[in-house]
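See below for the structure under consideration.
Naming follows writing order (A, B, C and D), and every chain is counted from residue 1.
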């Protein structure tokens, strides 16, 4: 079995979620790497989009900004931010990737602040950026994140971007588009989905080297468990080769 | 769903969304095609007042009007309102001058993959800044509503979240389907600065690459300053009328500023200076070093060319150009 | 005094209304000729726009369509219909020209139908096109039309485009932008404006060769009269020369 | 102003403005960049059903997909709904086939400075057609609302007029200012045909000149057929990504049709054939002559090239090209 680090594992696992012919809005870093890896493995015709307007570029290197030149290098289209967001709102975008400082059992995300005083927070983060928009408007939200009890929390300090809100049908009752929502959470320890009824986070698969107990202990809320719990397929030699040699040869993201 | 159950964001709306108020302003705005060449100092002095609400074009460290942002700091403009939309390095510069005291937030503090700005974070954690939350699309659409001459536009974003609670949006129902929407109030900035590839002296502008929200920002804003890599003859604009991205009547001043997006990226021209941006993040950790750095980089540079020379001059620009065109590794 | 026909008179009179540095949306025909004449006489920097997207062209000939190539020949901008309409809605367009089959005392216009059954009209016309939009959104509406009692009517069969609606403040109470409305009606017989309070049509000036009596007799509703009634200045030799030689050399519009 | 005093247009809304219904369709629409080359016959046969609601790009006799409009008549499509937006010659052709039985009206019957179509007028005065009134901007914004994925958009047009009364718009109030607006329901056509200058086989399109409403029409419509003067290599699209006017994922079929806008104007390519258009207006006055003319021009021409040959072939096209480029008088 090949040797790999947690970020390599997460990128490989996330890349497999993206099917050929789908559309995905990505940010910088690991999500972009996962989408690039997907294009070079199972999803040649995956259409990668960036929120500043870049559509289907031939990425010559990892973007530093979702608006830099690389995001529309030999692209099929260099558009605008409203155009990309409206394409999402119209229902033409299948996937987005989101991260944050905190995540709750309904897949809601905090990227705004830690503290209780909005005007004078303990720690201020960048805010929504495009995250709330993508979480609201794309069909399926994917998150990649290291798992611990601070990050996976019972109660967010601030609900920046919508997951399933308070569960059940609450997301759609709030006015968000039908059929949308969090789809997969890929951590260093496991792969989670969401229960169809309650919309609570449910572990689907455990990564090599981790136990059910560890996955729960590193989560600040009670996890649901799939009836038939899978073992996550580890990165293949070929996936790792492409990731290390073609996707991120400088090791900016995978740290090699 | 009854209309009385509809929620409103609880935070402050910094700019009136009233379409008739904006129309009254635009009625008086000159639409004569007259030459508008200016200087960075004059444009900021004559078009921007303390207390105004401002917005910066581009995307934080991509196609930004750095010279204007520096000049706002240099002239000590204060109590500005700021549209924290796709802002990164522009935000960082304005924080260095403590120029704004209220901020619409979509994305602030961060420089994307480069990390977070310690100084911007301190500023926004100080409690001195009045803040209202939005999203990138929400601010983009608020500008679009204004560009369209509307006082609001519906959107399916922000609903159900604290981002909505701490915004100034309001829920409304579609009169046809009953669908719930977030109504976004139009945003008419008092002042906007946008950097472009080419402009004529009247203010007809062309850009290359993604446009982000600048098509709407230029139209929504009451006063617009353009910095441009190159002034081109008006005949060149007329030769390719489809490419006019901002028409002259939106524009109040045009200034030729080669390398004007430095240290940011300018598509097809030069890449961002990552070393320089890293230096900002580094010096911000040490207040004394930070003060020296800002003095040296902004207050003591009399012109944008001085600033470029301080940071490697033409040689560095050529290096960044090679990087942008991907001929640096040939 | 030079010889001229009624359409030449109306074009010359209308052209003088347009001041230098203003913006105007025009259609094909006489309005376009008036705007071109203005550019060549008193309003060199008049910005001519067409609703399909053409802005400030160097018109090589009379357009046949407001969307044909001529409307953006060597233009400063070739945009879109929403862009032009939104520029109007934002308050950046000073003038528009409108015509129609019927016109009432408040400057309301019918270009939709004659008859009483909307689905099965006696005579169907093209409809609003962009007329209602321009009448709603530009600051000042100008009309050029031949005057008779059928055209200048007490009651429109269909109110296609808004003038002052039922007078007084009714236009603004309906939601239309403050300060907008009909400005001048240029006919073969007279020039009309509108009373500031009642918003009823008011004769400002009578054209050479016509009497106050004729102007009223050729109008289906009671006209108001300016306290100081002017005599319309007839087209000058120079205006006619430019109109005939430079603006419409083929006589498509002026019929020469 | 209370919300209960708000008025509604009394006429029929022909297409559901529901954003979630449209999203459910778009979710299933292919966004794979796959070749979409087709023929006029196949595209109309497979993508358009009797009863569908259709819209035609361009501006009536400027950059119109004539071959597709002919084919709709030739295949005898019936009971269509039609967006009478900036329609002139396209409307005239569809009337010749009696293809539609309901119509959203902004501009119909006329051919601008050329005069009115007697046949179109007879059709619209027959009482057989269900009609709803709008304006050019209203239909443009209805398409824009759909392209944005909204079910409605506010506008300051149509208010206070019979155009509003006979529309399907509804008055609403701005939740921020209390300003009254006409809410315009989104328009998601089932089918749209657009003629462009250049497209690749995937459907990435470029146009020259004014764009009218085609940027929104392509995005709002569920199925989109592109006819193009020229197919270009995908590499050419990637070389100038800023110029991609319609991205591939909007498009279902691409067909190369040189002179495809004939007898309409194609900017920078060929001018409209005014003689041919005048002939239409002339023959329409005489029902027998009209029938013969339509048979000859549409039903008996097997291909668009046949139709071009019938009308002067390459020689006439060269003449129109010279006129467009203004080299005819040199």
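Throughout what follows, a residue touches a chain if its C-beta (ideal position, glycine included) is under 8 Å from a C-beta of that chain, and two chains touch if they have at least 3 such contacts.
Source: prediction; values computed, not measured.
Contact with both chain A and chain B is made by D. Here the chain-to-chain distance from chain A to chain D, counted in touching steps, is 1. Counting C-beta pairs in contact, the pair that comes out ahead of the other among C-D and B-C is C-D. Chain C and chain D, compared by their mean Cα positions, are separated by 28 Å.
Distance from the chain B centre to the chain C centre is 40 Å, each centre being the mean of its Cα atoms.
Inter-chain centre distance (chain A to chain C, centres taken as mean C-alpha positions): 57 Å.
Here the spacing of chain B and chain D, counted between their Cα centres, is 37 Å.
The residues of chain D that reach two or more other chains are 19-20, 149-150, 155-156, 179, 181, 209, 242, listed in rising order. In chain C, the residues touching two or more other chains are 54, 72, 78-79, 82, 89, 137, 177. Because contacts link the chains in a way that matches no line, ring, star or complete pattern, their graph is best described as other. Of all possible chain pairs, those that touch are A-B, A-D, B-C, B-D, C-D.
Those residues of chain A that touch chain D in the shared complex are 20-23, 45, 47, 55-58, 72, 74-79, 82, 86-92, 94, 137, 139, 177-179. Within the complex, the chain B residues that touch chain D are 3, 13, 17-20, 149-156, 170, 172, 174-177, 179, 181, 183, 185, 208-209, 242.
Across the interface of their complex, chain C is touched by residues 19-20, 22-27, 29-34, 146-150, 202, 204, 219, 234, 237-239, 241-242, 244, 247-249 of chain B. Of all residues in chain A, only 27-29, 50-54, 60, 62-69, 71-72, 78-82, 85, 89, 108, 112, 117-133, 136-137, 156, 158-162, 165, 170-171, 174-177 touch chain B in the complex they form. Residues 11, 58-62, 84, 86, 88, 105-110, 112-114, 116, 121, 124-127, 129-131, 133-138, 140-141, 144, 155-163, 166, 171, 179-182, 209-213, 215-216, 265, 267-268, 271-272, 274, 324, 326 of chain D are the ones that touch chain C when the two sit in their complex.
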